[in-house]
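For clarity, chains are labelled A, B, C and D in written order, and residue numbers in each chain start from 1.
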Amino acid sequence: MPEALRDLARRVSNWGRWGADDERGTINFITPEVVRRAAACVRRGTVFSLGLPLGAAGPQIGQGGRVNPIHLMSAIDGRLGAAPDAPRYSDDFVTMPLQCATQWDSLAHVYYDGQLYNGFPASTLTAAGAARNAIDRLGPGIVSRGVLLDLARARGVERLAPGQVIGPADLEAAEAAQGVRAGSGDVLLLRTGHLALFTRDGDRVAYMRQMPGLGIAAVPWLHAREVAAVASDTNAVEVIPFEDPAVPLPVHQLCIRDMGLTLGEMFDLDALAADCAADRVWEFLFSAPPLKVTGGVGSPLNPLAVK
Amino acid sequence: MPEALRDLARRVSNWGRWGADDERGTINFITPEVVRRAAACVRRGTVFSLGLPLGAAGPQIGQGGRVNPIHLMSAIDGRLGAAPDAPRYSDDFVTMPLQCATQWDSLAHVYYDGQLYNGFPASTLTAAGAARNAIDRLGPGIVSRGVLLDLARARGVERLAPGQVIGPADLEAAEAAQGVRAGSGDVLLLRTGHLALFTRDGDRVAYMRQMPGLGIAAVPWLHAREVAAVASDTNAVEVIPFEDPAVPLPVHQLCIRDMGLTLGEMFDLDALAADCAADRVWEFLFSAPPLKVTGGVGSPLNPLAVK
Amino acid sequence: MPEALRDLARRVSNWGRWGADDERGTINFITPEVVRRAAACVRRGTVFSLGLPLGAAGPQIGQGGRVNPIHLMSAIDGRLGAAPDAPRYSDDFVTMPLQCATQWDSLAHVYYDGQLYNGFPASTLTAAGAARNAIDRLGPGIVSRGVLLDLARARGVERLAPGQVIGPADLEAAEAAQGVRAGSGDVLLLRTGHLALFTRDGDRVAYMRQMPGLGIAAVPWLHAREVAAVASDTNAVEVIPFEDPAVPLPVHQLCIRDMGLTLGEMFDLDALAADCAADRVWEFLFSAPPLKVTGGVGSPLNPLAVK
Amino acid sequence: MPEALRDLARRVSNWGRWGADDERGTINFITPEVVRRAAACVRRGTVFSLGLPLGAAGPQIGQGGRVNPIHLMSAIDGRLGAAPDAPRYSDDFVTMPLQCATQWDSLAHVYYDGQLYNGFPASTLTAAGAARNAIDRLGPGIVSRGVLLDLARARGVERLAPGQVIGPADLEAAEAAQGVRAGSGDVLLLRTGHLALFTRDGDRVAYMRQMPGLGIAAVPWLHAREVAAVASDTNAVEVIPFEDPAVPLPVHQLCIRDMGLTLGEMFDLDALAADCAADRVWEFLFSAPPLKVTGGVGSPLNPLAVK
């Protein structure tokens, strides 16, 4: 890791901030006060689902061994009892990567120098799962105020181009245009428009291989704003190709490992963004509880926004 | 099915109530007005997770082929790039029944006479999943006002006994004792205390084989109250052994197939109930979005209650 | 199904030939005498493995929901006991379609008119698997004399072209060129050379979508010869595109459903064929026992040829 | 590891014997000459399947995370084409531990002191599987002469008791009683009768927790005889409880890691043993090719014995 990045890592580090045993990171910014304010954002009672379907038609193309969910029925028209007219039931299984579609990364997902967020050693990761920073440690969350920044709309384009870097100026321009400001404990949702390559055009490869996203310069901005989590409509939240080809996933490294900030990926923000543009309200109650997979590194999600 | 039950089925039927194509059933009771009232229940900003851990230590004992989740790592200390000091990542898979722990049934789960809720034919259930009434149709839900009735506390016992039937009088006694009333669009959470057999005593077999729960007489009560969903801390919500041994899962049949009312199972209500007993507030914002598994018959959950 | 095909089906039918309960079909041709002759084919003591690797690099491209095997470790460097210097162990899981690489079809795989081989009704196929004609019924087999016919070599080409039909004349020309004759109870292995598109060129799509293979006219020839099974180096054994676009998988239909003849797919015959060409011996002991998956429709394999 | 065991490990070590890169161990004893002699054992042409069924009714009780196979259908009565009378097909998946029933251990399964068989470092074992000594390295095997020793019959009991140690004297007594001798390259099958606890009595726990089996003293005997592999009708081949409670799985350690000798577990030897007792012939052609799972630590099997 280049020295400049190490300097930045030290500046944005939250290690120890919530105690030596903390495994929740910036989720700690979601105080009861924040939750109360989040609930107060519900004005119309309209609910938006931000989750992609989980099935064979998902976005995965095999990268890193990730495949789309395999959904199989274990019972179809199964008889409850022996009578010919007995009631029937169905039942089913799924096999899936925990990060195959709309999902949270846990704080055990990316790290360097042999240490995870808050200094836990990499040896806590074994075939038994993540003994530290696992997704199940985020159980009572994540519910908070959500703030959507529509970077595409702010630039007047349908979607940002793959490789386009989102920096502090872009974020603040969107805030200004929308009349909203991300603050402590908020979940920040970033719409790039990139998802349409998959959902509208059906081009998985174009969607998964390259994407617009956060650049390194956005990291101290996120730190200063004290957001609880950041999610986007891309597979990585951060920009790909990377700003420095020699430094893979720098935003993941700094956010997850140093700040303890969870990333949410492949959120479908299109319907929500259209609604926000219509009523000019870009804040809402946001609820996306991860499945409490013991030792899990991530969790599939169906995040909700309630306006 | 006995004729008396068929009569009851006709009385509580919601087929056609929300249109011939409806696949959401009583979730339709959750109007924007209900959601607004739900949000207004957030007073302290405290969040409770009602989901059991998803892992090998889960409650399943193999009944009906259901096993506990198999969580396996697909990457441990994987290197991002070729450099020896490259950043690392972890990744993982899960294989699980969709109804192995805390979960929603979809409206395709139980049926009789060859028809599912709203008259869809049983032939819509194939190896490809549920073409109708699948869990993904409940995407933008379930968020509503939650009302907890603590049946054990109302009776002054630690837990109801297996086989103990919960009827309208029990439900109303709990309402009266707690000073709360379940109404249209509410999600009703029923605590029996039975879960402690698993979570405290570690006796999976005792927990899964028999249980206290709703009796048939409660069904018209649920219908009259227009609740949107009912969940409990047992594996079946309804009482086992069944009231009539010749009629398996009658409450499932009537609720899911005739009323179109979703059941939630194995909710961990103990911490929430203790809190409600302490502050005497038994209503809260409830959020439990199902995973949008395409054609899924159920969904694992981490339901949240926000007070 | 066209009437001409129905006529052919009746002519090649083996229903009832080995009793009304038979679920093994032409495997019944493998008599003890055939097994003894097979063993007598072992002259040098050289063993050839005809199985493709089972892993993420397999040939599947998602057709019909088939994916490549997902192999995950459940224990890595796991400690046997508490001592720091305790011995260690590893353990693993696989999730895979039973027909994802080198494999046998069971006699429950393809059928028509609501009846499987030997007249068993299609209703014997449920979410619980195949109650009739499942792969586990072939347990004590398949060991017999193997005869390899190298169709590509016989035509003097590297590989047959996709869509090229193999008929009786082709089979007999190869027999004549090689000085061998397939007879009762033999397992017939057909090399087309098509596999190189995958194993050498890495072109999964070209390998899986179209292929040379048996045409309908070969079916009565197989019936007359009384071969016990037929395997090839392609995904379908039969030619694709089909001879009549309106009749999908006719050879599967006639062989599996009417004759009760098992098909083996994606066998890697290249090294064996090179050896046979060198020593001019095209017969050998063949052993390919299917996994006894209860109710299984197919089985992954590592077939062996012993010369 | 106690010093006495380390001494023994050095004495029986085969490291380097077949070259520094060898990953096949004692399978190397199976020379072409051995294979020819094996084929010559086929006299009657009778085939015995030694594999247990693979399904939900298997022997696993969850030890070490091992579960029974989960077999699910991915297609039932699926239509090939659009016509109502189109032919139909079925297809299926399995999720299973590679060592859940009748199976081979690979030489990557058990080790100590950070080194696997032939000195490969433990770091070759990762979430991607076993880079060394994996089961796919045994592809062209295992076919050889099989020799069955029926320890229960030799002692005149129905089954050996759990905890009963099998030593060189027991093996030689059985050889003498049966008139057979295990030699270089043979696969040695040891019948204890213990399997009946599962297959006849249905007592999985009794079958899996404790068992009769090889003691440490048998290891140098196996080494001297140069057998290629050893399999038994128990889950461990070796005796449990262990001879020294402080030394877990000593026979696994010495055989797999030091000798490079594969162990076969949960072989169903009962029908074969009855036949051998009847015709007094205890040798046969043995064929049990492992699935070539890339990086696999074990393989499910359907081993065949041909007499």
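We adopt the following convention: a residue touches a chain if its C-beta (ideal position, glycine included) is under 8 Å from a C-beta of that chain, and two chains touch if they have at least 3 such contacts.
The structure displayed is predicted, hence computed values, not measured ones.
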Considering only chains that satisfy the touch condition with chain A, which of them also satisfy it with chain D? B, C
Looking at where chain C touches chain D, is over half of the residue numbers used by both copies, so same, or under half, so different? same
Between B-C and B-D, which chain pair is linked by the larger number of C-beta contacts? B-D
Centre distance in Å when chain B and chain D are each reduced to the mean of their C-alpha atoms: 45
Between chain C and chain D, what is the separation of their C-alpha centroids in Å? 26
Could you put a whole-Å number on the gap between the CA centroids of chain B and chain C? 46
Can you list the residues of chain D that touch 2 or more other chains? 56, 65, 70, 72-78, 93, 95, 126-127
Answer with line, ring, star, complete or other to describe the graph linking chains that touch. complete
Considering only the defined contacts, which chain B positions touch chain A in the complex? 1, 31-36, 38-40, 42-49, 51-57, 64-66, 69, 71-78, 80-81, 83, 85-99, 108-113, 122, 125-127, 129-130, 136, 139-141, 143, 246, 248-249, 252-253, 285, 287-298, 300-304, 306
Note: in the complex, chain B contacts chain C through residues 70, 72-74, 76, 93, 95, 127
For the complex, give me every residue of chain A touching chain C. 56, 62, 65, 67, 70, 73-78, 95, 126-128
